[in-house]
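We call the chains A, B, C, D, E and F, going by the order they appear; numbering starts again at 1 in every chain.
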Amino acid sequence: MSIHIINPNSSRTVTDGIDAAIDPMRTASSVPILCSHLHGTPPGIETQAHVDGVVAPLLARAAELEDEASAFVIACFSDPGLAALREQSAKPVLGIAESAVLTAMTLGQRFGILSILPTSVPRHMRFLGAMGVMDRLAGDLPLNLGVADLGDEGRTFARQKEVGARLRDSHGADVLILGCAGMTAYRKRLSEALGLPVVEPCQAAAAMAIGRVALAKTDV
Amino acid sequence: MSIHIINPNSSRTVTDGIDAAIDPMRTASSVPILCSHLHGTPPGIETQAHVDGVVAPLLARAAELEDEASAFVIACFSDPGLAALREQSAKPVLGIAESAVLTAMTLGQRFGILSILPTSVPRHMRFLGAMGVMDRLAGDLPLNLGVADLGDEGRTFARQKEVGARLRDSHGADVLILGCAGMTAYRKRLSEALGLPVVEPCQAAAAMAIGRVALAKTDV
Amino acid sequence: MSIHIINPNSSRTVTDGIDAAIDPMRTASSVPILCSHLHGTPPGIETQAHVDGVVAPLLARAAELEDEASAFVIACFSDPGLAALREQSAKPVLGIAESAVLTAMTLGQRFGILSILPTSVPRHMRFLGAMGVMDRLAGDLPLNLGVADLGDEGRTFARQKEVGARLRDSHGADVLILGCAGMTAYRKRLSEALGLPVVEPCQAAAAMAIGRVALAKTDV
Amino acid sequence: MSIHIINPNSSRTVTDGIDAAIDPMRTASSVPILCSHLHGTPPGIETQAHVDGVVAPLLARAAELEDEASAFVIACFSDPGLAALREQSAKPVLGIAESAVLTAMTLGQRFGILSILPTSVPRHMRFLGAMGVMDRLAGDLPLNLGVADLGDEGRTFARQKEVGARLRDSHGADVLILGCAGMTAYRKRLSEALGLPVVEPCQAAAAMAIGRVALAKTDV
Amino acid sequence: MSIHIINPNSSRTVTDGIDAAIDPMRTASSVPILCSHLHGTPPGIETQAHVDGVVAPLLARAAELEDEASAFVIACFSDPGLAALREQSAKPVLGIAESAVLTAMTLGQRFGILSILPTSVPRHMRFLGAMGVMDRLAGDLPLNLGVADLGDEGRTFARQKEVGARLRDSHGADVLILGCAGMTAYRKRLSEALGLPVVEPCQAAAAMAIGRVALAKTDV
Amino acid sequence: MSIHIINPNSSRTVTDGIDAAIDPMRTASSVPILCSHLHGTPPGIETQAHVDGVVAPLLARAAELEDEASAFVIACFSDPGLAALREQSAKPVLGIAESAVLTAMTLGQRFGILSILPTSVPRHMRFLGAMGVMDRLAGDLPLNLGVADLGDEGRTFARQKEVGARLRDSHGADVLILGCAGMTAYRKRLSEALGLPVVEPCQAAAAMAIGRVALAKTDV
């Protein structure tokens, strides 16, 4: 039995980043944590059509894994298929966006989100509205970088510092969220640079999944 | 050029009901209104997996119709693919749930929704939250009838009257919304029975589409 | 039978602007659309006393037109008398502010409003609060121009571009609303200049009225 | 200099009730409190047209009293002209509905409103939304009694107990508000009967006005 | 290093109940989980003065444990000292009420709370408002049982079933929260009786703490 | 019988400032207004631990004064012990933060708060959320001055003007609140400098207490 973190896009680079990001957590998990990605899906989830389009293959993959899964984590910041997989599976299902927001709500009073693209923002507004937590949002600002651009560390980190500082100083954020699964490499240094807690959503969801595996013991 | 009302499920009965419901509106439309349904999708959209699963075929069908469409209406009360189709198409795109809610907001101060199944309700809460209109919601109560059951007129109307009266009397609704595209036949009689305006979502969306076709003239 | 757009102020210039703005829509309306204004009311509605003061003459005028009206549009961005006329009339009643907001909610996730004066803003906040849509508001900023100043095209458009860009860039608006019936001339060019959809409220309300005339056919 | 409580309807009975209700407060006011009503307005404010229609005469009357007023109280639970009089007058202006709500917010966590008619409720929802306090509302239920019926003490009090108990037990109200200026006679006994604090809005507004007169001393 | 669950009241019975409730989770925790209670505090936290009064001894106790704590859990459903301990401690700090709510937000769309006393409810409303999650609340209803009464299993469980069914059927809750640390014994059977997920707040917080201990590994 | 304004910190300077600020109001109060402070508490309430820690001595002091108090005012902008003292006392209890907010809600549509320290802001967000008035908040910005720094008039006033102007111009505030009991000396001049109403919270609470003393006469 394992925690299955499924990256709905088809990018090995992103999946490897997630795997590295959660690797230190493995010693504190009672079950293995396995990271994988889908095949045939886009290399980055950047449009609403991408979000909706990966649900069916995600559900299919999760169905195959159902028996061996302690918990599922959907590793895309648009949480594609979150509600659908919860209906399908008997196991705990966490989305990285939802988990990041819930975690941020315990680390600060108003969270800021660093999105990749301007078009990501209205999508986030919809799920934050659906979550009913708009009053906790300080702001959501785009880096203007696509998923593929996130590998350019110098440019990405410079933009993160600039946008993060604006969220802190002009929007009143006291905790930040990295709004894409492809920014795992930047959490710690951004937190140090800005003096604020920064939530990396895959780590946040893995943490919640580890807890949920423990919680499931009370159901036996 | 036509308004295309696309029923994402594969039920001809539902599509025929929509067609009949909007038929009186055709004389007031400057363009034809065509109703169709998808093929290979479920006969009723009853789960979140259904909702997510019809998006891809819906987008494909809409892409084929793009050049001949004055406007699109997505005729399922979960508004599957609404955001995605808006990203894809250059034409006005209306969802029947969103249109019903916006219309109800002009007819009363707090709307009640008659859903088909208990599992529909949390799905509606998510889109109402995403729409940011939870303060206008009086309540959302299930009829406990599936899409296929809605053809049983006696049973359906009896439940509608009972649930609608509860929304009016216990929840303070002053306008009601039929929460499924399969209840077109009941709007007028339910309104008369309960003394409240009742919004049939396909009609509401068709009305908004007719208006939007007129509005588009100002862009030329 | 006609759609009656009533401008509650007494400015022929404003009324003529509305008439020109909705003129392209007439070919897509099943009924004539007539624009008129009240007499003896202020030339611009700029204070709350103006708003409240025009309700009685508006109701009187609408009562005279009741039999020949397919629908009413109240063409002032404070929607004076909207609730009262809905109580008085059996016909569809639309307000341009409410219609602009509902329309903007289908074109973007967060709307920005370009108001004429700083004193307009709290009035708008009250009706947006009453509408229950504050979570969809990006911001509402004044142009610092009175109704009479809006005829100065160079100055008005320059301010609109400046304020609109600020709503887009600092407040996160992805759709804009012109917050006065006297800015009809600027919609299209402002949209092109800023790369965002811009809602002109009289056009939005006319579109909804055209749709509502069609919808009323289902009541016969 | 006096606090002027202006009843916008033309009912001497209602005005006398207000006068009696605030009479015990006079010994704790540093200025006289004078109650009056308008002439030529309806005997009860029961529709939105009534609300809007009394604004002009109210503003005119207040303008006459401006020099001799320490503060104004608008004594109708729809707060007609509240924003307009605040724009017109340099003196503190309180509305009884707003004052009742603000007072209730210090006496309990969720307030219930006893309205006179079903048609009052959406009007209240609009001003509570405009006030931004919907999260503090437990419920708003009609007594189904018009202003003229409120003189029938047995029937009125019986309905108040029934509706108040429902607000407390089914809606979770821990403080109640009498939703009309014509229910002054019932506050104390209703509070005793239900074991909850009950706010009479004219008294609440008079209390706030007395405080505001004191506060104005800091401006000299 | 251990997770320290501190019950701020002085009841060994409550602490033992917590210890038993989280015991099955220990095998899935990478660190020991220790449950303790304060001394000299009330046997049950039933008033706001109790809540505020236990903060100082709680902070003192946590300061003593700071070096040996992997994480802290404050085990009282009013989350006394949650913000204060977060300011004081460098370790993860979880409150059981906040954790229960965040957990419930992943298990259903609208949560219902079973409180012990009517006076608990406004206190909960304040923290739910402070959390910004009122739109996710279905209802909060009292059992009318004090902390000491919760040991009477027959009576307590009967009331829980009755109140839980009312939250489900009249208020639309699709997930329930036990609103006191003294109801640990009832979670599983209540969930089975009502057919809804039920969150026991100490378990929910322990799960989050286990996850947070894992998350802290990424900070090293 | 007197109105007791209790400053929960131990600073005579702050208490003297409060006393001077409300002094002009005494001629308009039917009872004396006495200002005092606690002993053994911090000289300024700057952390959540301070807030929670002063509740017990505040409740003890209020209990001693219960018989001679017409009303209590808690004079710290975090309103420590507000809910607890309301449970304990039979007299009206006002907090200066709550009173300032309620007063500001009658003077403008969106209030801005000038806080002393960045750490004050999340604390304010929590109580504004608990009050359910987040939609009325324009912004809350820190002066970056501790309680002890507020005596430096030049520096304090310069910062107030700068921060107040930013709340007005960038955040849309049309009324300002001084977010600490230690800024009593600046209200009038800040209001004149910025052209907006400015609420000093101790004065606002004293005003409400004076009104509440009058209101209590209706209970006899």
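In this text, a residue touches a chain if its C-beta (ideal position, glycine included) is under 8 Å from a C-beta of that chain, and two chains touch if they have at least 3 such contacts.
Chain-to-protein mapping (UniProt): A, B, C, D, E, F = Asp/Glu racemase.
Computed from a prediction, not measured in an experiment: that's the story for all the values here.
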Statement: Co-neighbours of chain C and chain E resolve to A, B, D, F
Task: Would you kindly say which chain has the C-alpha centre located farthest from the C-alpha centre of chain F?
output: B
Proportion of interface numbers common to chain A and chain E (over half same, under half different): same
- line: Whole-Å distance, C-alpha centre of chain C to that of chain D, is 32
- line: For the pair chain B and chain D, the C-alpha centroid-to-centroid distance in angstrom is 41
- prompt: So what's the Cα centroid distance for chain B and chain C, whole Å?
  reply: 26
Query: Could you say which residues in chain D touch two or more other chains, in rising order?
result: 122, 125-126, 129, 131-132, 134-135, 170
- line: Pairwise touch list, complete, is A-B, A-C, A-E, A-F, B-C, B-D, B-E, C-D, C-F, D-E, D-F, E-F
Field: Contacting residues of chain E [partner chain F, same complex]
entry: 47-49, 51-53, 55-56, 59, 80-81, 83-84, 86-88, 119, 122-123, 125-127, 129-132, 134
- line: The residues of chain F that touch chain A in their complex are 121-122, 125-126, 129, 134, 139-141, 170
- prompt: Can you name the residues of chain B that touch chain D in the complex?
  reply: 108-110, 135, 170, 172, 174
Task: Please name which positions on chain B make contact with chain C in the complex.
output: 21-22, 24-25, 27-31, 94, 98, 102-103, 105-106, 131-136, 187-188, 200, 203-204, 206-215, 217-220
